[in-house]
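The letters A, B and C name the chains in turn, as written, and every chain counts its residues from 1.
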């Protein structure tokens, strides 16, 4: 059952990939739509990451775009520095390693204080961290010349570089000219890998321990489950996958800035909407919801004005329909047991 | 041979001595009952034994090993498993997965092997499944292995909680009011289950209970708690005949 | 002298945070939920005052009155429609995510009605303020009024909770909903009253915030809202004097770090404080420890 479920998810992703490729090859995709394919995929990736945190670990993070931001900037920095040294393929692979490793490291560092907290506190601290990461990156100036790296928190002039030096991170202007390495095929591969990691994790002893903590931390502890260890494991993997989404992001645009629009808590909440609509704990649902909710408003321009309004209503209605004890009772009475939320597909 | 040896255990909350000078010796293989009126400190004793609270004074020894200052996870690994007064299952997980969580410290593979499904993963998972099914059969839950724990009927949820505790391979099993909220039929079935656990696994059991029929029916020894202190201790028959116990508890 | 000026402006900003934090802390203490949308009630209040004064030419006081009434109604409605159905939900995340939804809903409704452009808000306080030491130290009227109002709000709230039946009911519900019900307290009504008071305070905070920082957009309330939550946590969530202390500390730290460290990093510093407090003393300065019963 579980195995088949996982295979269906991979199948859906691959099928969608083939359909889009055929449409593109036969000229049925507008250039606008083709431009949406990579973002659509990395939003699906980060939705999977957030669902691991919210649905499987059971802790709400509203700063996940902060990890995406870390992945984006560290990998873009790496690619920019090694642009003329390494050929494209190994450089991009290494960029992934760098982005994912740094996002995981930040996940670990942030996890130390955050995972001691619960529920609302945890949510607000992840939000705080997301904002801190964004603000700090915006204040950074890093340049390189023949003497090596130069840092400043003031401005590019303060770097004190030789005339041949190059500014790489230019404060709020971010990083410009990152090589355009990401494409739809690579993005889909990353999505499949993210799905592979998360779905396998759910069906392993570590995954079960994580879900046990979500369902009842006190009982999990009494059953011999080390809460801190498994919470950290889930959080770090989630941050690492968000970092991978960031690598795709920064290698798909020319000018990378730590703006609120892409990395602020608003962006994190947009991803939360994907997760909630796809079903909390339902990994496949996150992928489908992310793709549809990202592409639809982009295509229907009229809808774009109302996009966030509609999202907010979706959030409220979905939560009440799925979680209100009264509504659940009513559904049980009316439709019997089978419609009650299935929970994690585990 | 003494399995659990508790000496002069005390804990205060604020000014209140919730448990005071509590002593308890349980022999291997015994079924021991802890009774007392509401608020007497029974669950507090369980929480002290399982490391949820740290005692102000006293020593807890399990099989000769001092576990007084250990945390809940370490105590579970040392060999004490428990159930809860208000059932605490992993509700959104299947019945078999609940048991497999209990097994997970005994059947190990690394996180990497788990994520990539390589190495020992397949072999260990297979062993885990077999062991889990064996346990579920004992508790007559094997037919519902893929049901969500929250969808089980009440009596079976109690059983699953015991099965999960047994999965950690404990030396001592603590049952906190296992018959709470059960009808007479379910209670009867529960008594059978507890007897079965003793027979199958040779388990030592300490249970808190209000249902006097259950207590007098299966417990060999009793300790009566009142206002955090031991009122009376000994063979079930003698304890239940003690006039002080009748006065304080049975009224 | 300049340090004193910054300190006073920190106190003033802190007083605004304190009033917002009071709303947060009461709702959190009594309904046990983080009303993420609380900051947006401030924004709604500001737009109402703006509409009454700038568009309809009304008196600022009338504007505040209308804002208080409408925000109270909004608070009660939100609680009834969005939060009450989720009381007792299996996951505590449910009501939090819904509150985030409400926050987004309010921001986007405001965006559709008033547009994204920043409105210039006319201060509701026309008093020039005081001048000391031959004009070297000037304190603006809005600063003084803000500090006075926050003290007044604190005193009135404390009296309300200590002296009235409804206030005592709030304490009882905060302590134990089940027991309060057994004592004949209407829990739903008490929580509704809490939301009403919190929302009315948000409207007042809005008037003060936009008088001191006169630019109004649909996102005006979001950041102060979050910072006020930080203040509530800092002071000890659920504690009314704690919210006051937390608000003042946060306001002063923000202004001083903006002035002396870096204006860009001041938000990071404020959030950094939250992280440190939660690490060192998760219950805040005046908070109580709560342990889940096993």
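Just so we're on the same page, contacts are C-beta pairs under 8 Å (C-beta built on N, C-alpha and C of every residue); 3 or more make two chains touch, one makes a residue touch a chain.
Fair warning: this is a prediction, and the values are worked out from it, not measured in the lab.
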item: Centroid-based (C-alpha) most distant chain relative to subunit B; value: C
item: Central chain of the complex, centres being mean CA coordinates; value: A
item: Rounded Å distance, subunit B centre to subunit C centre (Cα mean); value: 47
item: Distance from the mean Cα position of subunit B to that of subunit A, given in whole angstrom; value: 42
item: Cα-centroid distance, subunit A relative to subunit C, in whole angstrom; value: 31
item: Residues within subunit B bordering two or more other chains; value: 52, 84, 91
item: Two or more partner chains touched - positions in subunit A; value: 218
item: Numbers and ranges of subunit C residues touching at least 2 other chains; value: 90, 294
item: Subunit A contact footprint on subunit B (complex, rising order); value: 50, 52, 72-73, 76-77, 81-82, 84, 88-94, 97-98, 100-102, 104-105, 107-109, 111, 113-117, 121, 124-125, 128, 146, 148, 151, 164-165, 167-168
item: Interface residues, subunit A side, partner subunit C - complex; value: 54, 58, 60, 62, 113, 116-117, 119-121, 123-125, 127-129, 131-132, 135-136, 138-139, 153, 218, 269, 272, 276, 280, 305-306, 308-309, 311-316, 319-320, 322-327
item: Residues of subunit A that touch subunit B when the two form their complex; value: 1, 197, 200-201, 203-209, 211-212, 214-216, 218-227, 233, 237, 281, 337, 342-344, 346
item: Touching residues (chain side subunit C, partner subunit A) in the complex; value: 28, 33-34, 82, 85-98, 100-105, 107-109, 111-112, 226, 229-230, 233, 262, 264-265, 267-268, 271-272, 274-275, 278-279, 282, 292, 294
